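The two complexes that follow have chain A in common; it is paired with chain B in the first and with chain C in the second.
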Partner chain A sequence: MKAIWAIASVMMRELVRKKDFYILLIFLLALLGFLSSQSFFNVEGISRYIKDFGYSLVTLFSFIIAVTFTAKQMPGELESKTIYPLLAKPVSRHTIILGKFLGGVVISSISFVLFYGIFCIFQWIGGTGNSFMLLGQGFLFGILFLCLVCAIAMFLSNIMTLGANITLSVLLYIMISGFADSVRDSVLFSKGITSVLGGIFYYLIPHFEFYDLRIRITHSWDPLPGWIVVAVALYTCIYCFVLIYFAGLIFRRKRL
Partner chain B sequence: MNVKALLVLFVWLVAAAAIVPRVDAYNHSFLSQNPEFDVPVLMRMLGEGRSILSNLSILQADRYFHGGVGHEDERHQGSLSILENETADEDYSPVVKSKSKVSPYNILFRIPEETEVTEHAHLNGDQLKEIVPWLYYASEIDPHNVRACTLTGFYIADKMGKVDEGIAYLRKALRNNPESWEISAELGRIYYQHEKNYTEAERFLYRAWLLLEKTPHDKFQERYVLTLLAACYEKQGRTKEAMKLYEHIQELFPDAAPVRERIKKLSSK
Partner chain C sequence: MREVLTANNLSYTYETGKKKVEALKGLSFAVNDGEIFGFIGPNGAGKTTTIKLLLGILISQKGELSVLGKSPTLPEARKSVGYMPEIANYYRYLTPVELLTMYGDIFGIEKKLLKARINELLRLVDLEKESDRIMGTFSKGMMQKVSFAQALVNDPDLLILDEPSSGLDPVARKNMREVIKSLRDKDKTVFFSSHELSEVELVSDRIGILNRGELLAVGPVEDLLGEKEEGQTLESYFLNMIEREI
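Our next item is the complex of A and B:
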């Protein structure tokens, strides 16, 4: 555990050192400030579109941090050859992968906490806050989403280059968020072998759309039932565990 | 070398000082004669994509009207419900979630079913303001999207009660679309219904009628403009002119009882 934490803490220092996070933070503040100051024909109290844009921006910016920071870990270590002193220490390769993954999760979660906090403050100032339950679910789902993103980026960083990893992660996010519902419907309405293969495919893809509470938060719908929250949390844990386990296996067999 | 560079810079500055005011003056005169080209650079770069984006913005307004849930065709006869001006806020029945076809153990298939918001709800009263930004963006992205302009005008003036802002907005829209009978008619309607300024209403409605005659249209559109125009004449005590219009409407709709009664009432005066 100590070794995992040591590897993760090195990554956390990176967040403070690098400018990516500050730029996104300033960008978020500027955009939310701009959106809040917009006036539409002197109609007062318009809030939903700020929540809509705000939540989307928070998710997008945290996703960027999660992907870029996690994806560059392994290639960075290999390129600068800092992986060798690390391997010389009494830590297994699985521990290194787990430490890097945890570092990615902590970094993106810290960013998410700040971004989400700013989003909530803007809601509070505008006097259009959501129920604490829904905001809490939004927060929890945000963290779970980042865990999944980090696990995917960490897994891919073992089998492809940095550029390919980032591109594929972004593409996966866009495609699955946009088309998972269509895949689901086509599987449900198909029969025979198509249904079986479609079902397997549906179970294998990472379901980013599970974590999207944008519509609920924007339009202040009711919070999700408890069992859904538990199911999504379990799904994330299992998916991350499998990905990190295989990432460790691949890394262990790698000739360095 | 430095002297040469300074000389080039000097010549460049003199040339710029001579050319820029002329280009600026040309731009101003061109845009004042062709207001339809007075669009921000970014929007110009989008080209025809502006029209698509503008319509997407209207669709988004419709989604907001339904509390973020996708539009249901069967409940609105395939049209957008924000276009149904007199939508009764309560004339819909809540959706009863049908029993799931998915096995309860097929968890990944069940999650989206449970998380999806399916309730059919309409924004009403003060909540309607939430769709205004999307209507605003629709008309800002494509100032020639007449539907976006009339819809925005309707929501500002009628639903938000901001009549002055609605009129100012529609006047600007009319400057961008001088040939649009729809915007003229909308302005005329607002002047008639909200401002009770029958002279201005008549001016815009008459203009709308003239423009309508020049474009392919159906008799329902003609009836809409003429009914309002006839009402304006009536309010101004110009019974003969109103009568002529009602007779014209009756030619279009021979079985329309209310028009027949109106004519009878006016002729008995």
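Our next item is the complex of A and C:
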């Protein structure tokens, strides 16, 4: 565990010492600040718009941090040859993958905590806050979503280039968030082999839409029932475990 | 004397598409406890492949390999091994202290002990004043010093150095030679590859000459040098041996 954490901690220092995070933070503050200032002039419906737009920004910026930082870890190690002294230490290749994954999860979670905190503060200032339970669920789902994103980026980083990895991760996110419901509907209404293949495809894709509480938060609906939260957490754990396990297997077979 | 490192009939072939390159052809040698073993050979001789096999970075396709009595593919075999790579590239956004702390943590060294060890190592490589500077601003020689320090962080029984003196100024080279010699006094084993034949001659107890994946000669430096004609240097002896093969 100490070795995994030691590998992960390097990524945390990278986050602190590189500009990417600060740029996104300033950008978020500026956008939320601008939108909030609009509400002072009594523009109708702006509070709901701030919630909707703000939550989407928080998710998007954390997603960017998670994908870019996690995806570049393994190609970066190989390109700069820093992987060799690391492999010469008493760690297995699975440990390295696990450490890098944990690092990705921790830094994107730290970013999410800050971004989400700012979002909550802006809601509180605007007097349009949600219940603590719903905000807490939004927070938990955000972290689970980032775990899944990091696991996908880590898995893909072992089989494709950095550029291809980031492009595919972004495409997956956009396509699945936007069209997962349509895929489900078409599977439900199809028959025969199409139904079987469609079903397999539907259950294999990472369901980013499970984590999206944007509408619920925007309209201040009731929090989700506990069993759904548990089911989504379990789904995330299993999906991440499978991806990281296979990422480790691929990395172990890689000739360096 | 205990054999710390043994290679028996070791072979390795790189395959890229239909092309096959035999990097090692039945390599056999042993390195004893407490000796300094110099591994020399021209570019493409198979030195780095041998080192990668010793560290478990590559897995041997044929033959047997043992490092400190264990298969190098097992992480436990690397617990008492230090490695300095040929290209000293480390995380540029870290300071030397942070890098050494990270590696020390991977070895599971206790916090207090690690702190003392890091201070000692930075003093040894003359980087005390730069201990909290980001490594992105370091020169090649300074990175090489960091690389040497990280190889020693776990106080290894076996030290594997790949071209350790490249990029170092003459003073730093001399210091490194002295450190390597002092390791012998502490019964540590050093296996190092180098192009600097004078350096190999000055430091090694035994040397192995590798060419095209085959070991041409191995033995104590004095024995090998005794075979050469009068007035010849190790360099000309080495060149003669390689040319004979060509």
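Please note the rule applied: the second predicted complex is superposed on the first by the 248 of 256 C-alpha atoms of A that agree within 3 Å, B and C clash if a C-alpha of one lies under 4 Å from a C-alpha of the other, contacts with A are read in each partner's own complex, and residues count from 1 in each chain.
FYI, a contact is a pair of C-beta atoms (placed from the backbone, for glycine too) under 8 Å apart; a residue touches a chain by one contact, two chains touch by 3 or more.
Just so you know, these numbers come straight off a predicted model, no measurement behind them.
Is A:225 touching the first partner chain B, the second partner chain C, both, or neither of them?
In the superposition, A:225 touches chain B alone.
Is A:47 contacted by the first partner chain B, the second partner chain C, both or neither?
In the superposition, A:47 contacts chain B only.
Could you say whether A:202 touches chain B, chain C, both of them, or neither, answering first, second, both or neither?
first
If we overlay the two complexes on their shared chain A, which of chain B and chain C does A:192 touch? Say first, second, both or neither.
Touch status of A:192: no partner.
Which partner chains sit in contact with A:89 here, chain B, chain C, both or neither? Use first/second/both/neither.
second
So, A:235: does it touch chain B (first), chain C (second), both, or neither?
The first partner, chain B, only.
Pick out the shared contact residues on chain A: the ones touching chain B in one complex and chain C in the other.
none
Where on chain A does chain B make contact in their complex?
38, 40-49, 180-181, 184, 187-188, 202-203, 207, 209-210, 215-216, 218-219, 221, 224-225, 228, 231-232, 235
What does chain C use to touch chain A in their complex?
14, 52, 55-58, 75-79, 81, 83-85, 87, 89-91, 93-94, 98, 102-103, 105-108, 134, 147, 150-151, 160
Given the complex with chain A, which residues does chain B contribute to the contact?
Chain B reaches chain A through residues 64, 67-69, 101-102, 107-109, 111-112, 114-115, 117, 119, 126, 129-130, 132-134, 136, 156, 160, 162, 165-166, 169.
Which stretch or stretches of chain A touch chain C in the complex?
Its residues touching chain C are 2-3, 5-7, 9-10, 13-14, 17-18, 80-82, 84-92, 95, 255-256.
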